[in-house]
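Heads up, there are several structures right after this.
Note that chain A is present in both complexes that follow, paired respectively with chain B and with chain C.
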Partner chain A sequence: MADLRIDLAGIKSPNPFWLASAPPTNSGYQVQRAFEAGWGGAVWKTLGDPILNVSSRFAAVSFNGQRVAGFNNIELITDRPLEVNLQEIYETKKRFPHHAIIASLMVEPKQEKWHEIVKRVEDVGVDGLELNFGCPHGMAERGMGSASGQVPELVEKQTYWVKEAAKTPVIVKLTPNITDITATAEAATRGGADAVSMINTINSLAGVDLDTWNTVPHVAGKGAHGGYCGPAVKPIALNMVAECARNPLINVPISGIGGISNWQDAAEFILMGATGVQVCTAAMHHGFSIVEDMIDGLNNYLDDKGIASVMDLVGRSVSRYSNWGDLDLNYKIVAEINNDVCINCNKCHIACEDTSHQCIDLYSEDGRPMLKVREEDCVGCNLCSIVCPVDGAITMVERKSSIPPMTWNERQTLISSLSK
Partner chain B sequence: MSEHQQSTEEIKKVDHYLDSGFKIKYVYENLSGMFVEFARQEEVVLLQILTADARKYFSAKLQEQTLLQ
Partner chain C sequence: MAPKQENAMSQQLTRNFLELTSSMTKNEAIEESNRCLYCYDAPCIKACPTSIQIPNFIKKIASGNMKGSATTILEANPIGASCARVCPTEELCEGACVLNSSTKPIKIGELQRYATDWAMATNAQLFKQGQNNGQKVAIIGAGPAGLSAARELSRFGYQVTIYEAESKAGGLGSYGIVSFRLPNEVVDWEIEQIEKLGVEIKTNTTVGVDISAEEILEQYDSVILAVGMGAVPNLGIEGEDLDGVHDAIEFVRKTKMGPLTKDIVGKRVAVIGAGNTAIDGATCAVRLGADNVQILYRRTQKEMTAYKFEYEFAKQDGVEFKWLTAPKKIIGNESGEVVGIECTKMKLGEAGADGRQRPEEIEGSNFIIEVEAVIKAIGQTRFVSLIEAFGLQHTNGVVDIDEATMQTSNDKVFACGDVVFGNGQGEAMVVTAVQQGKDAAYKIHERLRKPSEIA
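Right, the complex of A and B next:
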């Protein structure tokens, strides 16, 4: 039985699975039910001046039969008075003293506003604070959320103001709606952040109704951009976590967020540098009980790997994430087709012939249709194995190169020494 | 000619010059590929290398020459 406890910048929780600040953490009733189900922590739905919401609020993108491949929302922060939330936080913390409760906060970018809310929230016993510099809709139009989070100077300044008043660890939650998230992560670090979390949601419009021409969702025939999350955003989030994890100027723990739906997703984020993960869409889709499989799965994985503590898994893949210019140009893999398993759907041939390097030949052997890869023309792009519907029919295999390893950067240095 | 055949031809030419005592003197690249000047005493020949595999191969040969110098 592996030790799943984590310590993220001083915030301790019984496991790395936290609910993200979102509808699932709107109230004490919900958070207490989540803790009963097994979640290790919860980032309370963002506190600030109570807002007014609209109806409707959510939309989902389904793809080829998979419901909620992506999820879009135009809901804002809490619409409940601060006192109500604080009372419920106090009661929840009292009932679950060993679970992590982090208060997500959003106020106008003014020093006194931050000082006031930090003091009031910490007085009820939260374990940490998460500054919401990421919400992309509604609040951003009022100068908060991602409007703050897209400006490194504002991230640094507001983090600094919070740190002036805070006694608990401060996590800065970053928006992905920016060209380079490491710029704002560095700013948060300069401002004194104890940790960063990412990603918040991505600007999105889920769709347009082809009959009514309304946006999806719409509010009385009008729409506005929302925030996109769910499984579709995981690769974007994972890259952003990894980019921050390998940046030496961002030397604080990371809380990973973005499309995490199961223990495998969580393990990937942890391997890429996240100390813990936050989940929202998967819980909204399937309920709080999904955490049971997450805990079991991660525990079994760690046991299988012979790793005693999940903290020992953190960042183990970061050094394997590099710049393109540092990849070996001479590393070679090729596709290998197992005709005993192949069902001759020819998707690999079509994909290669139409959109890649035309190296999969169709031929017949004793009247049986066969496929063969011309290795000398295969560039190892993986496309055939990606489109193949049968496990084990196409394997990408390594071929020893006749020339030694050389990266693009090494090559350019070499060539520049003999350039005119 | 397939790209593989073309790169094989280009690699043969690189090997031919190097095996004949030529040294790589200048290298430059532009939109048309890589241009290499091989020199042997006063004799200079220009080789244009088009294919990616041959340009990789040439880079390895340039590294060999650099290490031997």
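Right, the complex of A and C next:
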């Protein structure tokens, strides 16, 4: 049994699975149900000045019949009075003293506003604060959320104001709606953040109704951009986590968020530098009980790998994430087809023929259809193995190169030294 | 029987003949269609005698393009709604599905039904009659082959007239396939689609009686013979004229027309033969309320020509199979009604000319099975006199054709469907007949079209 406890910038929780600040953490009732189900922590739905929400808030994207491949929302921060939320946080913390409760906060970019709310939430016993600089809709129009999160100076300044008042660890939640997330992550670090979390949702429009021509979702015939999340955004989030993790100027822990649906996703984020993860869409799709497999699966994975504590897994893949210019130009892999496993759907052939390098031949041997890779033309792109529906039918295998490794950067250096 | 009981009985029998399987729900269809791998050079297409672009029609279901899906199916197969229900899919498309080797094959037949049901429900007009090219084609027989040929010829612009001896078009679909597999509405819809393309179907018109073969040959630029096959031949044993002896084709046919008979209720029935028609006869007898139904076959399960799924279906219906059992005599009572069938046990001997082991009688093994009805299902007779009226060469009633051109010994006359099946010229399935109908139409078009139309 591996130790799943984490310590993220001083915030301790029994496992790395937190519910992200979102509809699932709207109330004490929900958060307590989540803790009963096994979640290690919860970031309370963002507190701030009271707002009004609209009716019709969510939409999802299905892919080939698979529901909720991506999820989109136009809901704002909490629409419940601050006093009610604070009371429920207090009660929940009392009932679950060892679980992490983090208050997500969003107020106008004014020093006194931040000081006031920090004091009020810390008074009810939260374990940490998360500054919502990421919400892309509704609040941004009022100068909050991603409107401040897209400007590094505002991130730095507001983080600083919070740190002036805060006694608990401060996590800064970043928006992905920016060219380079490391710019705002660095700013948060400069402002004194104890940790960063990412990603918030990505600007999105889920769809257009082909009959009514309304947006999806729509509010009385009108729509507005929302925030996109769910499994579809995982690769975007993972890259942002990895970019921050390998940046020496961002030397604070990371809480990973974005499309995490199971323990495998979580393990990937942890390997890429996240100390813990936050989940929302998967819980909204399936309920709180999904955490059971997350905990169980991660535990079994760690046991299989002989790793005693999940904290020992954090960041183990970061050093493997690099720049294109540092990749070995002389490394060679090719596709190999196992005709005994192949079911002859020919998807590899047509994918290669139409859209890649035309190196998979169809032929027949004793009347049996066969496929073969012409290795000399194969560039090792992986496409065939990606479209292949059967495990083990196509393997990408290494071919020893006769030339020593050389990266683009090394090559450029060599060329310039020769031309001198 | 009291009127009330009789009414309940009628309702029960009617229910017994309702279509067995229901159409997929939208959710099922979406889920299943998304499972399709969309193979390149897909084996299912090659396994379909009509070469339906199966991955395409399935993809279109997944994308919500139902009109496109139905069109893709019916373009290749004018009887695609019937075939969705009656094709032995595990021998054809589904049997060829690559997923047989990894998970489980796509339910192609059910998806095809889902798409064609959509076309029926919306009554979409998917095809158009071609511009009249001034040429006339007569088709003898409005079964799957004839209807298929008519649809294609009409799209090319020919004026098509079908001569049909029965009161209704559809052939096997209307009269031969049990309604719990293929309800009349499906066939009726398919006929209607073809009529909408300007095809004239003269029903109750027997060629050779109401119009002569010579008249047809004179009046039309080309003729297609698609008359199928006739009644079940005689067994050649004593007692065949007794009351209670049925021809399987006729027996099934009656279940598709008018009120269902109550004559079989509570009776013991013997079916002679073990082909697909025998299964139809047996399962219809079960559904007509028979107490016990036995299939008697002089060979063994191995030689049986019924499809495996038909055999399984009959067993599930409670039909008993008596292998190596040959009828010798049907026994009647003084009122001329069947009371039993005398049989003899058989054994398999040397292989015959067709490669199958010949059954041989075991001396002194005679025994009697008590039954009140006997259904004969030992093949079908050929319309030899009609074939000869057209002056066509034939082999044992199977019209000789040049397979490359579909032409008979009279180059103006083409033939397709059951009338050319047998003697090694393909396997008799509705879907093969449909393809032959298409082929005959294309060959006629090649022969008759004006040089200007040749690209």
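Basically, the second predicted complex is superposed on the first by the 418 of 420 C-alpha atoms of A that agree within 3 Å, B and C clash if a C-alpha of one lies under 4 Å from a C-alpha of the other, contacts with A are read in each partner's own complex, and residues count from 1 in each chain.
To be clear about the criterion, contacts are C-beta pairs under 8 Å (C-beta built on N, C-alpha and C of every residue); 3 or more make two chains touch, one makes a residue touch a chain.
Just so it is clear, the model here is predicted, and its values are computed rather than measured.
S.K.: Determine, under the contact definition given at the top, whether A:L362 touches first (chain B), second (chain C), both, or neither.
M.R.: second
S.K.: For A:N344, select first, second, both or neither according to whether it touches chain B, chain C, the two together, or no partner.
M.R.: In the superposition, A:N344 touches chain C alone.
S.K.: So in the superposed three-chain picture, is A:P389 touching just chain B, just chain C, both, or none of them (first/second/both/neither)?
M.R.: Second partner only, chain C.
S.K.: Applying the document's definition of touch, where does A:M1 land relative to chain B and chain C: first, second, both, or neither?
M.R.: A:M1: touches no partner chain.
S.K.: For A:G65 in the superposed arrangement: first (chain B), second (chain C), both or neither?
M.R.: A:G65 sits against chain C, while chain B stays out of touch.
S.K.: Under the definition above, what is the set of chain A residues touching chain C in their complex?
M.R.: Result: residues 64-66, 343-347, 349-350, 362, 389-390 of chain A touch chain C.
S.K.: Could you pull out which chain A residues touch chain B in their complex?
M.R.: Those residues of chain A that touch chain B are 329-330, 374, 376-377, 403-404, 406, 410-411, 414-415, 417-420.
S.K.: Applying the document's contact rule, which stretches of chain C touch chain A when the two form their complex?
M.R.: Those in contact with chain A are residues 30-31, 33-34, 37-43, 62, 98-99, 101-102.
S.K.: List the residues on chain B that touch chain A in their complex, please.
M.R.: Within the complex, chain B touches chain A at residues 2-4, 24-29, 56-57, 59-60, 62-63, 66.
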